[in-house]
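The structure appears right after this line, and notes come after that.
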Amino acid sequence: MSAPAPPGEPPVMTDTKLTIDGAGVTYGHTVALAETHLDVKDGEFITLVGPSGCGKTTLMNVIAGLQAPTTGRVIMDGTDITGKPGHAGYMFQKDHLIPWRTVTGNIVLGAALTGRATKADRAAARELATRYGLGDFVDHYPHALSGGMRQRVALMRTLAFHKDVLLLDEPFGALDAQTRLDMQQWLLDVWADSGRTILFITHDVDEAVFLADRVVVMSPRPGRIQAVHHVPLPRPRTVDTLMTPDFMNLKSQVLSGLYHKDDQ
Amino acid sequence: MSAPAPPGEPPVMTDTKLTIDGAGVTYGHTVALAETHLDVKDGEFITLVGPSGCGKTTLMNVIAGLQAPTTGRVIMDGTDITGKPGHAGYMFQKDHLIPWRTVTGNIVLGAALTGRATKADRAAARELATRYGLGDFVDHYPHALSGGMRQRVALMRTLAFHKDVLLLDEPFGALDAQTRLDMQQWLLDVWADSGRTILFITHDVDEAVFLADRVVVMSPRPGRIQAVHHVPLPRPRTVDTLMTPDFMNLKSQVLSGLYHKDDQ
Amino acid sequence: MRTLRLATPLLAVLLVLAIWQLAVTLLHIPPYVLPSPGKTWQALLDDWPNISTLAGHTLYETIVGFLTGTAVGFLLAVTMAHLKATHRILYPILIATQAVPIVAIAAPLVILLGYGLAPKLVIVSLIVFFPVVVNVLDGLAGIDTGMVNLARSMGAGPAKIFLLIRLPATLTPLFSALKLGAAYAVTGAVIGEWTASITPGLGKDLLLKNSRLDTAGVYADVLVLTAIGLGGFLLMTLLERLATPWRTRGTARRRLRPSTTSDPKDPR
Amino acid sequence: MRTLRLATPLLAVLLVLAIWQLAVTLLHIPPYVLPSPGKTWQALLDDWPNISTLAGHTLYETIVGFLTGTAVGFLLAVTMAHLKATHRILYPILIATQAVPIVAIAAPLVILLGYGLAPKLVIVSLIVFFPVVVNVLDGLAGIDTGMVNLARSMGAGPAKIFLLIRLPATLTPLFSALKLGAAYAVTGAVIGEWTASITPGLGKDLLLKNSRLDTAGVYADVLVLTAIGLGGFLLMTLLERLATPWRTRGTARRRLRPSTTSDPKDPR
Amino acid sequence: ACGTGDTTQTADGLTEVKVAPSWIAPDITWIPYTVGITNGFYKDAGLSVTLVPPPDNASSVKIVATRQADIAETTTTDQMFAAKEQLPVISIANLSQTNNWGFFAPTGKKITAAQLKGLRVGVFDDAWTKAMLGVVLKKAGLTDNDIQPITATDGNVPLLIADKIDVATNTTNFAAPQYAQQTGKQPETLLATDAGAPDIPIWNYTANKQWLQEKPDLARTWLTATAKATEWAIEHPEEAVKAYQSFHKLKPADYANDLAQWQATIPLLKGSKDELFTATDAQWTELGQALKDAGQLDEVLPPATYYTNEYITK
């Protein structure tokens, strides 16, 4: 287990993409997120694990600029973006598909919201949908989709929004194992090709270790970063990676960090 | 791998709790669920796995009586309940918490909807919430809960509704590993104590095998039952069960039934 | 911040008074067309004993008519939402009632109902019920089916589903309609007094003053009528706040929590 | 089923006619109080050339007033939703405009705007704008914050968020208001003609016929006014259907799908 | 659109005079203007007359006061209250010369002023009705609270026939023909003058003072042309009513009723003096005193504040 990120780090570093500098959120008497420090390097793939209600989503909201933290700030590319949205692609825990837009319309939402969804955008959206099993549904409204389909559309929407930094809040929670593997692989491909920086929340420790450069473990309420594990497994990783002793080892490290209790 | 349930079975059997007799659903040209036959024994724990969009939720809706199937019927305790709701506790894939009811109010919803939520009901609800980590939140409205908290409330609501048959659609999808294990264990306890019949959709094959008497595997769109695997593992099962060779064996059987392709 | 909140309606009043005064001064509007705020206020004070009594009558008609209209509109909307046939048959009829100028039905109304409170209430109700029907009906039609399906899956009957799910989900449009209705009810009462009545009230008083060219007196009455309308509207706004605590709060109000078995902290 | 759908409004008309006829017959209502449907129809046919011309005028006022009122109401609601200060200051003023009896402002209105179309439009707009403001404002306040946050996270500006998220989410209350407005606009036009005009129209005609005790003629006019109101309402209902296809359909209408790169079946 | 002092010239060189009648819709008192227009009396005098109906039947004075119109046809009570409220208007001629206002009851149910107590009385919401009712009640030792006043926005004769009121207040030229038309019988009539009210004119022409000052001759020309038209309409009632009907596109079916109303109006126009228009100090003083006695007016001003005969040419 590596040491927790030292709180006093200078906020701006070379090759640092994103700095969370003491961000914390309180609702009345409830501490939703204790003061948090984290530096994310350009092109890094970070996964976040932690018990339910520990503040993972809250942290994402803060980074996305949707919620002004009670304390601290968020710095991206050396600029303070605290409370300023629009700098990252954010896939919410809920899919938030727009009921009056078709699958294609939802995928190109980012383009439509920040300019115009061009023909090319729509064609790309349809291609994306077709590639990941939604070819028959490009003109469907969200209410006619299954849960997993909705989640995939939400992910495509986030990716089609072309941002350097991706915040993904349990993107594969509603997917079956096979589709999940496909999507993981695809995400890794996209990441490798485009060099984007990814923050990825998951409850699946296998998934956390399999995908990450670093796994960030958060403690139960009030949530704080408890441990950061480096994952030095070679890339590209495949299903075989899951069987290697290194992987098993890392996984059990993360698990034991996650749950101090010795029961079960 | 056991044989698929024979389609021609007589619809009513002794100790059969629930019979799905040729139920199928079509939306225009889309076949959401091909004709499906399944007998569920009284007190049986059935898990359902299958790729995204294969019709699992549709099947649940049909059993819950929310959706009249295009063909076939549903029989519970010897009575035709096709299209008749109110016979099973149903936890939806979305949590559908009522925004204007507090956590307690949501848990006692079933009692409130079918009669009166008594003081005892509310006390029981608060106890349940406290036991599973929501003690501070009994008077919160759903919008102030995290994703996993919401899902737990939805599950408690379903259980507090005291029905013989439980239909659970990905109840643990948004939970972290530890909470998930706790909840699984709790569900097994409840099931063992009360002898309820459970149909449980999951994307986690470990979970499917760990919980089930029988694992039902559905094929991709248009969904149909492709295989039914008996799980003869001894009960009570604990985390240790997950390490046994029998378990591993069964798991790989299910997985191979689920994905014919040999890639990856 | 709080004082600012309270100050703004006052600011609104001042703004209106300022515009009013300016219009009168700059456009040289003579007092018999539009009296200045000061003159109006004077007229209000001078005639206060009379006005306050009459305002009581009009207020009574307004309230009773509002309640009747709301109840009728609500029942109609609920019936129509549940019985498609009544919906298709009743809706055109209800719309027709709004397109008919009230003066045209005043005569038959009086013949049928006499000169008492009844025709006035009918007129106020006729004005108030319509927004309630339209808003509640559309609100009920637009409800998230997920929650309704959940309730159905629990075997709940239509009445319970309505009370616990549909109704709370329709509170926003319902309160929009109540706000509209509260503002309209005064006008309804005035028209009721004009067309079909024997009993006194501000509406009648307004006519009398108008016929005597006592414009300041007319506007004094208008001031009181406006106050009644505004009051009703604000009352509905307040009720809406109270009825939808989850919109503005994270936890239930203490008095809404039934029998707390005090464990303030989860001991986990 | 389809024929039944079309049949029910007809049934509604028949029902009204039946009740009307029954009331006249059973209660022995004299024709100068309430003429029978037959007499009214006869009066409509007899006076058709005149009525149809006047209906044209009134229809024009109704439409222009409706459009103006809707536009004003919508702009006000949007402004007030985005600027809290204007909200708190304007709202009481807007409510006040509804509580003031129109007759009380008729004189200043005529004096300021003359006898042309202007005061009539002001009166119609004054009636139409209010439901739009209240419904749209409440609709905007009740929006699911999730979608708005999603749009914000994408760095969308308020205008885009409004157009692509808030506005479509507010269509239900907006259309409720438009339906109310469409029904009210006719009444507004009639009142406008009564209070502030020398130009002809059905409202004036109604007044004339009424003062000459030509009750059948009055009801013939009322029939036409009702038809205009109903027509407007139905038009809004139709527009609502077209504007919210996702409520009734699983997939987009073909013409709404931009440039389909025809792969009808996913080859998976 | 706010009134300016300019007099508008129409295309054919005529001077425009705007007249605000006392009723919201065409009424038999409009017959003189109609005849004046259709028979060319106004045109011959170089005038073009436009009718500007008021939003309600109390507003014609206001319309003239604000110069939306030049001349108003109003009741004399309106002129009294206008003077009290200091509207810049003055009566320039009487339209009628007698008080034919009173109470109308169904045939066979004669009434006296004292019997009004407790009855349902149909009233109009104008100042004249309120004034006369007050005077009559006062003379009979009653107050407003002793009767049930029921306001009719339009005709109250139908209410009387339908037995929804016991008595209708109205004027003989309107109520009697209407009642006769519907029932074929004459109503029982109690004239206000028989119940202690003064015999004073009901309707008069009122003009804007400033306009009078600017165009005194215009006012004279208009009165002269209107007198001509009135005389012609008195001479030729049938043609006058027909002209009135066709000018305002009224239903021929109403001809008989309109003719009856006009014929009932003719005797009122000149009264006993047998001349149009001319008013007297006594008429206005009497009216003022009656209003003061009924508690509706605080003080009676000198008659010259209310009227002038200056614009009547013989």
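As written, the chains take the letters A, B, C, D and E, and residue 1 is the first residue of each chain.
In this text, a residue touches a chain if its C-beta (ideal position, glycine included) is under 8 Å from a C-beta of that chain, and two chains touch if they have at least 3 such contacts.
Keep in mind that what you see is a predicted model, and the values were worked out from it rather than measured.
J.: So which has more C-beta pairs touching, B-C or D-E?
T.: Looking at D-E and B-C side by side, B-C shows more C-beta contacts.
J.: Among the chains, which one keeps its Cα centre farthest from the Cα centre of subunit A?
T.: Taking each chain's C-alpha mean as its centre, the farthest from subunit A is E.
J.: Quick one: report the Å distance separating subunit A from subunit B, using the average Cα coordinate of each chain.
T.: Centres of subunit A and subunit B (C-alpha means) sit 28 Å apart.
J.: Can you check how far apart subunit A and subunit D are, centre to centre, with Cα atoms defining each centre and the answer in Å?
T.: About 48 Å separates the centre of subunit A from that of subunit D.
J.: With chain centres taken as the means of their Cα atoms, state the distance from subunit B to subunit E in Å.
T.: Their C-alpha centroids are separated by 86 Å.
J.: Averaging only over C-alpha atoms, locate the centres of subunit C and subunit D and give their separation in whole Å.
T.: That pair's centroid distance is 19 Å.
J.: Please set out, as single numbers or ranges, the residues of subunit C touching at least two other chains.
T.: In subunit C, residues 27, 33, 103, 107, 111, 210, 215, 250, 268 touch at least two other chains, as defined above.
J.: Among the residues of subunit B, which are close enough to touch at least two other chains?
T.: Touching at least two other chains: 27, 94, 133, 136, 144.
J.: Pull out every residue in subunit E that's touching 2 or more other chains.
T.: Correct list: 2, 56, 62, 66, 154, 158, 162.
J.: What residues on subunit A touch subunit D, complex-wise?
T.: Touch residues, subunit A against subunit D: 61, 64-66, 85-90, 92, 94, 96, 98-100, 102, 104, 109-110, 112-114, 119, 122-123, 126, 130, 133-136, 139-141, 143-144, 161.
J.: Using the touch definition up top, name the residues of subunit E that touch subunit C in the complex.
T.: 2, 56, 58, 61-62, 65-66, 78, 81-82, 84-87, 120, 125-127, 130, 148-151, 153-154, 158-159, 162, 164, 296
J.: Could you list, by residue number, the parts of subunit D that touch subunit C in their complex?
T.: Residue list for subunit D touching subunit C: 5, 8-9, 11-13, 15-16, 27, 29, 33-34, 85, 88-93, 95-96, 98-101, 103-104, 107-108, 111-112, 130-131, 134-135, 138-139, 141-142, 172-173, 175-176, 179-180, 183-184, 186-187, 190-191, 203, 206, 210, 215, 218-219, 221-222, 225-226, 228-230, 233, 247.
J.: What part of subunit A is in contact with subunit B in the complex they form?
T.: 27, 30, 49-53, 56-57, 93-94, 133, 136, 144-149, 152, 169-170, 173-181, 203-205, 238-239, 255, 258-259, 264
J.: Which residues of subunit C touch subunit B once you look at their complex with the stated criterion?
T.: On the subunit C side, the touching residues are 146-147, 149-156, 160-161, 164-165, 168, 244-246, 249-252, 257-261, 263, 265-268.
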